[in-house]
């Protein structure tokens, strides 16, 4: 059972008749095409969140220089999006310090509401990739604060409420290239400025058990609070002789000590199989960055980047996903 | 001329009218889709053989953990297959020895009938990939015996009759990863337990001559006995800047000393060109593992994995393939 | 404004209505399929030039051994091509020297008319890849002369007239594999035999600015003389976790000192986005090797290889491309 | 001028007569041999500090399993050391949390006195190398606290007093192997538990300027407070065709904003040239981890590991080293 | 207790007074210098055995082309050796088969007496490195038989008597270069021609426990039969940032099922520390290939290559080495 | 027989009594120590030539930044050298062109007298390593001209007289790092500005024959004209598991067509075996860059860099070296 708000206007489509998979694709995928803004080369790995009577989002838009940045967008139905042509212009949260706000590039954003603020985290270019942090209250004015960690790090994902009285974040320490390794760690912060209490959460598998997650793993959407613990959807990478293949999986983390994994799916819940997932700037990628979910019905809509080119949508329910994760757990 | 049995019920389709290639694809490829069993991620690189009044097969089915295993299947026509949802459960041929039957994974099976038994060889996970060996008489009960070789080895392919009084096998020694080298060797065994008399058969080419087979090569289907010698269909790999490309070629080996190559095709006989060969879990792969053939007509049906995702079928005749191999030989 | 001849019979198609890109694709791409000659595996990265009342071309045709060679072809309209089944048989320009004419392979040709001769340059296999040079006057008899440089070099592109009284060539020094680096250099020769006065022209970018050209770059078609300087279309490569992605960009070089770059486009002008550019022997490649252009109208037709498999056509005009390059310049 | 305490009993040896180098070696090097404890394979990369009427130290001792750990030692004169045979047994500073104190290995310690405590930092094995933190008041009982950062990090070096009211640390983010890159960063902490305000301090050079520090750099001893700013001795690595070569250099950091580099020596101040620096478990290494210094005379004694095998001593004075750094600065 | 023959004339030197190591070096090492034969570049990694009233040996002599081969030598005292200037000329044991005896190079020999024959195994160049096998009865006439395994393999070491009625061999499957991995396996043969019953014996360690054997391991001298089982001295490799470091360790294998490891030393028993072990063609190598031992006194003399350049000698006793192995075992 | 001038004052030392090697070391090596100039880290890989009544030389001096540059030096006896503390300040030979004279670094010089000028070639940093060219008439004023080739190239060595009426140079095309491949090529120039007629001279060997030259080779001193052809001393590299090992070998090239190799020594003529060759900034290097020779006596003195740290001297005679090369030739 999802612990949280109702969201009756979230996008939804029932499972196709002869489909037995725990997660199923939206029939009109991709929902956002590569050229949905004026100068975009591709729009993918992006985050959405309920906002006012509709939805807001922060979108990774690579432009035609193939430079990486994040843009804001809005939607009434979560499916049709109006994305700004220009990147978000973050203001420094501390204008006295010229080091805050340095950002050679931004990519793979997540958006998390904690209390009254919308926090954005992303992979920020500060002498290497690290976790950039910012916030907005209205999706008009955005502030950038201190980076959470030293480089090299990616896939920083906040929890939607404080844990042990602290802000909490998952992240995946990496190197400065196409990192061929990567585990998920947990950190806490009293103030979103200083971070510590680093804990190891999950490592990769060998190639003999669950090979889809044998090269590296990284947290995806903001964890969903349920009565079973934190439901985490994450990506896992297998290295084939022709490069990386990105899949989607699920785990359940302990509610109070989220670095303890209670269940972890041995099978993937989605793998690249459609044309828009297999053909594009990076073939064979599904990369989840956000969910919308309704505590009343348990419906979950997963937003994911496909082939590093377009944005797609898939569905499941909390009951089914938790059941699947528990029944297929490797823990 | 094929030396062997007739097989009037083998699958067949005439060469398309304006096709001049020595090997042509079945028009309804792929014949086995990735989801043909309950939990399969992909079904490819698999072996079939005449059995009773139809056909049996051992299929590589990667499940949704992307774990690799082999399943048995049956068909009346060689095209429509009924594949078991569960992997083959091999019994140990020597239950007193707990080391026999160890198998962290199984992939790329071949099936070979010698006398009255159906022998199965595959890439077996025993502290690294090596050649697993088993047999069945009824495709219901399967026995696993000693691995043929030390790791690291792949593509172990038996000859369908004894040579110099011994069982004989082709294989491709490798390393423990995506091996960027690989030649075909020959070995003999008096008893399928102890192997020796190792001989080098074929090496790779340079990138100046026949580049499709410049990175590594490996035996494919069980060699076909003909009056010209053993007709071998094999795969060859080219390394592009975007990874490996797997092609199919042919050679003729000496009948009594099969480590001597009499002819070897400089051009490939099939390369990945269709959507199902170019797009999938590993783009640009055709990987032959079995043939059916009819000594009366000389027809050959080649079963091959496509894009490490699905199973496809192609056709040729022994006359044409031998003629092609001799006329285009690099030897 | 193009400085040069009129070419009223060049191929052309207006920009599609809702397209705003500076370069647009021909609607019937690819114009040359992979099997357009008898033994070809693929036909791509090729050069065309006005000849008599139509067009001639030198085409990279990889055969079914995947050996690389160049073939001559002819066309009335620049779109429908008749390509010879056999490779060009170059005669040695100096039959007394057996070292001239050594060529283990030939690929990626360019054709350049200077005065009355048609010069062909290509990547020539002489103890490693280097720049082969030849010429023809009639596209029937071809002569090969001394290689321009020591190995390892690729993408040698002549200027269509002498500079400072010398022949002039752009090239991209490399290594003997899938070179992960590469800048464009300039060299001069008084006689097409001895080369010197080597100058550095352009380097790659970092991954923070214009990442599409961050791994390596190489000159494409023969530079087009304009009143702004030499208009150069070139390729740039980005390294994704799944390999190289080839894009197309533009620059303007100083007329008299072409090693000085006046403008250089930060965005690409074409990237692999269609099925025939994204799926093939090497996914995600657009590789320009030639243009046709008409000084009267300013129309430019760009010939480019797609996915290392087929040949395609795109259009722009000199006014638009120069405007785009200047307005989007990183210089 | 050193700002700090006098240390009249520190080890010292005048510069040899015909030596003109800014740093000179102790004539009886190495001062600690590889077998100075019962089970040691090697003793190097270690830290010393004034303690009571003599000196204490924390020493990297690899045992004969080649496992890495830290041992405590004591000396009257700073030259002759008595090192414990057993590794330091750190107690957890928070025994309620089993994650604190996890340490698969410990190496390259530094010791820093702040107020009344002696803080130890080291490379700590916690799901990868990161910065372990501990303290002692008596060099008998040692406490381990939270790791400062997420993996992967090495060479964590504290400042000897708070900056901007916070603890301050230099570190060098890395990867999980023999990291072929590495810059120095700065971080602050209000409580030694939560860290943030990460700032980039210094990057590596190209191979054209100051190649000795072109592969990676890392802070060495605790920075020395002077009237010119923080005097930092650090190591820099050059990659030869036979591996890494470790050198020693110097820089001066801004007193209040230590991430700002005021001066940085272009030449090294010491390079591996003696037998004990060039021959050992890792040839060609000098690796400084500590200094002793006397504010009255300006004398500095540098302790450094040699060839990853033994511990050696070198001398300079603050006046000379600052003068050298300023006169040879690349900034 | 050694089970075997007495050898009162074996070389011996008591442990130096203040040495506490389980293995100690001969004081006059190296016993064989690099230029001990006419054309030798180096003599190392070699095997000796009692023969008649003295000793015979098979020596790896790299010549001044740096080609690798094996030479025979003789000694009265095991210390002063007379080594032939010419390599051993092996005759084919089966002259009817031209494939037997193919050997592009030979290195790292072992000599094992079983019944009345002296068997030699070595790394044999047959389309890659594999285990060559030969024998002699008089150290004058040598015969080469079938290679034991397919490439790629090294460090093939026979047991000195049959096990389960079969010949038995340890080996280390590898790749075709400077293999960065490697475990020890066990195989049996009824006839020294056909091999099977392959069993995994020992794997490498992680870098957290016993790092000296974390990259690869390989059997060294012929195992010594004792009442505790087979005493195996082996080499283990650590990868430093400057390359491989070779150490020596010990294990005890089950007498009847030698693939079962009863004890395995966590510390090394010898590591490269002297000038002749640390400086030479390959720095930092000790590589044991043979022992002499006396069942009466338990004395063991270990012959090992040093720095891939010279041959050295070290001593221990069976009692001490077994005690050490058991007390320091990781099993 | 050497064809050339007499040089009675050249350095010389007879072969030691019990030495049978074709090349023997000077007993007082190294002749130039690493600190022979004020700021030098190392002095090696350097060239000398008769000048006036003594000798002049151009020396590779890496300074204590480890920056690479060339210095001039003088000697009366060829053994005791006076080397300038400052690098050579080359003037541009064409001051109108700012591109001439660009040099980010200079290393591995050779000096060659042709007619009345002393030409210097070196590895020059111009957007990568290439062959820099300069000249002097008095070793006081030095001029730099156009680089001979495009990057990436090293070891450019002129012939001491024109061939076929042209200047002639050997070189070794490479890549931009520690190039793991490399053959020797030949080029001609009418004017030292434009170069062409590139010919392949010698390739590396396999690891089965003459492994000391299996990774890369490069010309060393200026070829010596003899009645047998051009006597070339060159270096060859073997890759051990601990990096590169540099050896010295010899070949005889055809007098008029020097790209034709008449004889080539299968054994090396010198390998790193002494302390000063095995221990230093790069262990295990002997690297010849110059000879002095006397046509009357046939004496040859070889100057070579040792361990990339110091300069050493070795001797042979033309008769012996030619005899050795012919008797041990692999051609």
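Each chain carries a letter (A, B, C, D, E and F) given by its place in the written order, and its residues are counted from 1.
Just so we're on the same page, a residue touches a chain if its C-beta (ideal position, glycine included) is under 8 Å from a C-beta of that chain, and two chains touch if they have at least 3 such contacts.
On a predicted model such as this, the values are computed, not experimentally measured, just so you know.
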item: Smallest count of steps, each to a touching chain, taking subunit C to subunit E; value: 2
item: Minimum number of chain-to-chain touching steps separating subunit A from subunit F; value: 2
item: Centre distance in Å when subunit C and subunit D are each reduced to the mean of their C-alpha atoms; value: 55
item: CA centroid of subunit A to CA centroid of subunit D, Å; value: 39
item: Multi-partner residues of subunit A (each touching 2 or more other chains); value: 242-243, 279, 283-284
item: Contact graph of the chains (line, ring, star, complete, other); value: other
item: Interchain pairs in contact, sorted by label; value: A-B, A-C, A-D, B-C, B-E, C-F, D-E, D-F, E-F
item: In the complex with subunit E, residue positions of subunit F that touch it; value: 207-212, 238-243, 245, 247, 266-268, 271, 273, 275, 278-279, 283-284
item: Subunit F - residues contacting subunit C, complex; value: 99, 126-128, 130, 146-153, 171, 173, 175-176, 181, 183, 185, 187-191, 193-200, 203, 259
item: Interfacial residue positions of subunit B with respect to subunit A in the complex; value: 34, 39, 41, 63-68, 104-105, 125, 178, 242-244, 279-284, 308
